[in-house]
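The following pair of complexes shares a single chain, chain A, combined with chain B in the former and chain C in the latter.
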Partner chain A sequence: MYAIEVRNLWRTFKTRDGVVEALRDVNLKIKKGELFGLLGPNGAGKTTLIRILTTLLLPTKGEAYVWGYSTATEERKIRPIINMVSGGEYSGYGLLTVKENLWMFSQFYGIPGKVAKRRIEYLARRLKFEDILNKKVRNLSTGQRQKMNVARAFLTDPKVIFLDEPTLGLDVEVARVIRDFVKEWLLENDERTVLLTTHYMHEAEELCDRIAIINEGRIIALDTSDNLKKLVSREFSLVLRIHPKINISWINKIEGVQKYLTREEENGLRVRIIMSREESIADVVDGIIKHGAKISYLKKEEPTLEDVFLKLTGRGLE
Partner chain B sequence: MIEFLRAVKGRAYPRVIGALREPSWMLWDTFLPLLSLSAYVFVYRSLHAPREFEGFVILGGIMTAYWLNVLWGMASQFYWEKETGNLQYYIMAPASLESILAGMALGGMFGTTTRAIGILLLGTWLFKVDMSVTNPYLLLLIFVICLAAMYAMGMMFSSLFLLWGREAWVTSSLFEEPIYFLSGQNFPVKALGPYLSMAASIIPLTLGLDAMRQLIFPSSIKFALMDPYLELIFLSILTIVYLFLAKVFLRKMENIGKTKGTILTRWL
Partner chain C sequence: MSRFISTVKTAMWLDYQIASNWTKPLTFFTYNIAKPVGASLLLLAMYYVVTGKIVGSMALSFIYIGNAFYMILGQVMMDLGWLVHEDREHYQTLKYIMISPSSYYSYLIGRSAARFLLSIFPAIFLLLLGFIIHIPYNFNYPLLLFTILFGWIFMVSAGMLLNTITLLTARYGGSIGETFAGIFYLLSGVIFPLSVLPSFLTKFALFLPSTYWFSLIRRSVLGMETDPVLSQLSLQSTLILFAITTAYFITLSLSFYFSMDYLARRRGALEMITTY
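And then the complex of A and B:
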């Protein structure tokens, strides 16, 4: 039995502008004990899939199972063994303290008061927020609040936990504490399973045993991080910062340029190019200079998951 | 059952703490309603209305505090919970939504009772209202059953408000003034005539106020709609009906939310 199994899953939404296909024929099998990543840009269908798996949404077509139970018909069996954290969430009540909020949520899972208290103290120690346990939630910073949210979800000792962009908008230190905690939590028990959605490729690379890349509702690749990167193993990435902003669509005509991605920055562009010929770097540099721009940064990099995504979809993750 | 009670306790807690931790709310929620009650009392005095009418106003003010809590703290609550992101966690949790609503109701009753006591004490002291309770046990029973029916109605509305649309505060406002009128908040509801007053009896506040007035101001029996015992029976029936409908609408809300994806989460 898999921790999570999804078969031919479709989900559509009716909007004023027509029908949106949020998930299209998704198939997944996640083993118990696995930390599985779902990597994709905003609007790719990650959150919709999590909502179906957490029994908050019904699929339009297809089936989804958590711990062997159908998310559509056996939600009462699923709910006690799952929990979820979303990035940037504002759950809880501002006038309660962190400790009181966590205790309140524990009561919805029938956890006895003493057990809840012990777990809250343990999680506060592990997530490094002991100093704010008696602080009112409305006075918390974003990072403190997200640590509390993570504790809320792990407090119920779930078998399967869904982390939906859990480090979204957090500073590096808080994100690291959360990531370290998730890794350690998994090691404590062989069967604990995590489904993590993120559009931070380094987070997926660091944490996940396997990664599915999702785009426009479809799983377009699924494997370990290393195997996925083999899809672009013959290529390398060239990262450049140029200024001022110029049109670089001509870059596609250079031999060896496979895909490129630009991101606007102050006074210029950040360009990421997937290339297969080292000899072509000079052509790229020459072209930029001929078009009147200067290069302030240039680096040849090993391929990343973002390059895999770029190669598969022709677009970036963010 | 223990799990149900734990969930009730858990959800009641923020409301109980809210009432105790923010005493400034209590001051305003007691003082401001007293101002509007005073206006009615002075109108009755200037018209030389029977003295018990001033008592009607105080009693109406107390029960209106509960009605406002039902509207803003129960009926609209799921809408606010959706906006803050709590609703999805309530639905995802093993606890039933009924236990969450029961917790909200009990916590709300606690907070409102502190305000109601304030209105009662200040109102009777300021206007020298003379109360002579004839049957305290029946009065207490009617008060409790009336609250149960009102909060059951609030539970029913909590799902409906969410289904009806996004502007919960508009819907709540819509239910404020008409209920003041139909419940006979400040006047004997019998004055509305037999048909309208009977129709208004589906509002628990109407029957509760009418029954309690008879038991607190015996001389007002001539203004009464029906016998307090009969009103107790009707209130009990209303409690059961509204609780049943609350359960039906909760399931309906959850089902529509899961099917359409438009109700349970704020960004869909």
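And then the complex of A and C:
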């Protein structure tokens, strides 16, 4: 039995502008004890999948199972063994203290008061927020609030935890504390399973046993980070910063250029090019100069998951 | 069962915190009593302007007692009207409560129980104030206690009905609560006897548990029923009709709850953030 199994899952939403297909024929099998990553840009369908797996949303077509139970019809069996954390939101009762908020949620899971108190103190120590336990939630910073929310989810000792962009918008230190905690938590029990969605490729690379790349509602690749990168193993990335902004669509005509991605920066462009011929670097540089721009930065890089994504979809993750 | 009790208790505690946490307990209790008492005094003032007297008539007793206990019903309905929206959009906790193993129904029971208990204090204060205007009390304490306790069950089921509707709506929570409260105010013999209503509304009113609840309140506080329609019923019949109508209200609210919960999951409304 898998911790999570998804079969031919579709989810559509009717909007004023028509029908949006958020998930299209998604298939997934996640083993018990696995830290599985779902990597994709905003709007790819990651959160929709989490909503279905956490029993908050019904699928339009197909089936989804958590711990062998159907998310559509056996939600009462799933809910005691799951929990979730969402990033980039401000959930919590502002008038209550952090400790009161956590205690309250523990009661919805029927955790005895003394056990809940012990777990709250333990999680506060592990996630480094002991100093704010008696602080009202309305006075917390974004990072402190997210630590509280992470503790809220882990407090119930779930078998499967869904982390939906848990480090979104957090500073480096807080994100590191959360990532370290998740890794350690998994090691404590063989069956604990994590489904992590993120659009931070380094987070997916650092944490996940396997990664599925999702784009426009479809899983377009699924493997370990190393194997995914093999998809672009014969290529390399060329990262450039040029100014002023120029149109670089001509780059596609250079032999060896597979895909490219641009991001506007102040007074210029950041360009990432997947290339297969080193000899073509000179052509790229010449072309930019001929088009009247200057290069302020140039680096050849080993392929990353972002390059995999770029190669597969022609677009960036952010 | 222990999880159910734990959830109800925690939800009651949460509701009290949300209602009172903005100030000191004494200030909160003063505010909690002053607001509904002020509304009742306004009603007395209107009665005085229209009739030129403030003490002694049965009509005044009818209105005064109906209004004093309506404060409980009205407060519960209006506060519950916002509950789903607050949890979903303001506190953004609804989804976390929903995915917990506790039934959301038990959470709502707890939240409405707290509002109900808080609303009893102003009613007691108004009963005491009634001595000043010579309300002819003839208390039947066991009946009053029974009526209040079973009234809570009816109000919880009405509150559930209200909340299950607001699960699917984005912005009309308060209005739906006020509509519910208004229907009960108009059709349950709170200050208007059923006999003054058009006959189809009188018939409709006889299907509402609140109609029999207010009748039982008057019987337990004044020792009699003065409404021309309801006074034709014996106490026993009123109790039976109250039990039957409450039972179907509970059935209705439970079936609504399960249907709306399904629809909300189908539409993705449990996490709807409209920033309204």
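As a convention for this text, the second predicted complex is superposed on the first by the 318 of 318 C-alpha atoms of A that agree within 3 Å, B and C clash if a C-alpha of one lies under 4 Å from a C-alpha of the other, contacts with A are read in each partner's own complex, and residues count from 1 in each chain.
Quick note on the criterion: a residue touches a chain if its C-beta (ideal position, glycine included) is under 8 Å from a C-beta of that chain, and two chains touch if they have at least 3 such contacts.
Everything quoted here is computed from the prediction, not taken from an experiment.
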| said: Let's test your reading of the overlay: on chain A, do chain B and chain C clash or fit side by side? | reply: clash
| message | Between chain B and chain C, whom does A:Thr167 touch in the aligned arrangement: first, second, both, or neither? | response | neither
| task | Scan A:Asn215 for contacts with chain B and chain C and give back first, second, both or neither. | result | neither
| request: Identify the overlap between the chain B-contacting and the chain C-contacting residues of chain A. | output: 13, 51, 54-58, 76, 79-80, 82-84, 86, 89-93, 95-96, 100, 104-105, 107-110, 152
| field | Residue ranges of chain C in contact with chain A within the complex | value | 2-3, 6-7, 9-10, 13-14, 17-18, 21-22, 91-93, 95-102, 107, 262, 265-266, 268, 270-271
| remark: In the complex, the residues of chain B that touch chain A are 2-3, 6-7, 9-11, 13-14, 17-18, 21-22, 84-86, 88-95, 100, 257-261, 264-265, 268
| field | Parts of chain A lying in touch with chain B, wherever the complex brings them together | value | 11, 13-14, 48, 51, 54-58, 76, 79-80, 82-84, 86, 89-93, 95-96, 100, 103-112, 152
| In the complex formed with chain C, which residues of chain A make contact? | 13, 51, 54-58, 76, 79-80, 82-84, 86, 89-96, 100, 104-105, 107-110, 152, 156
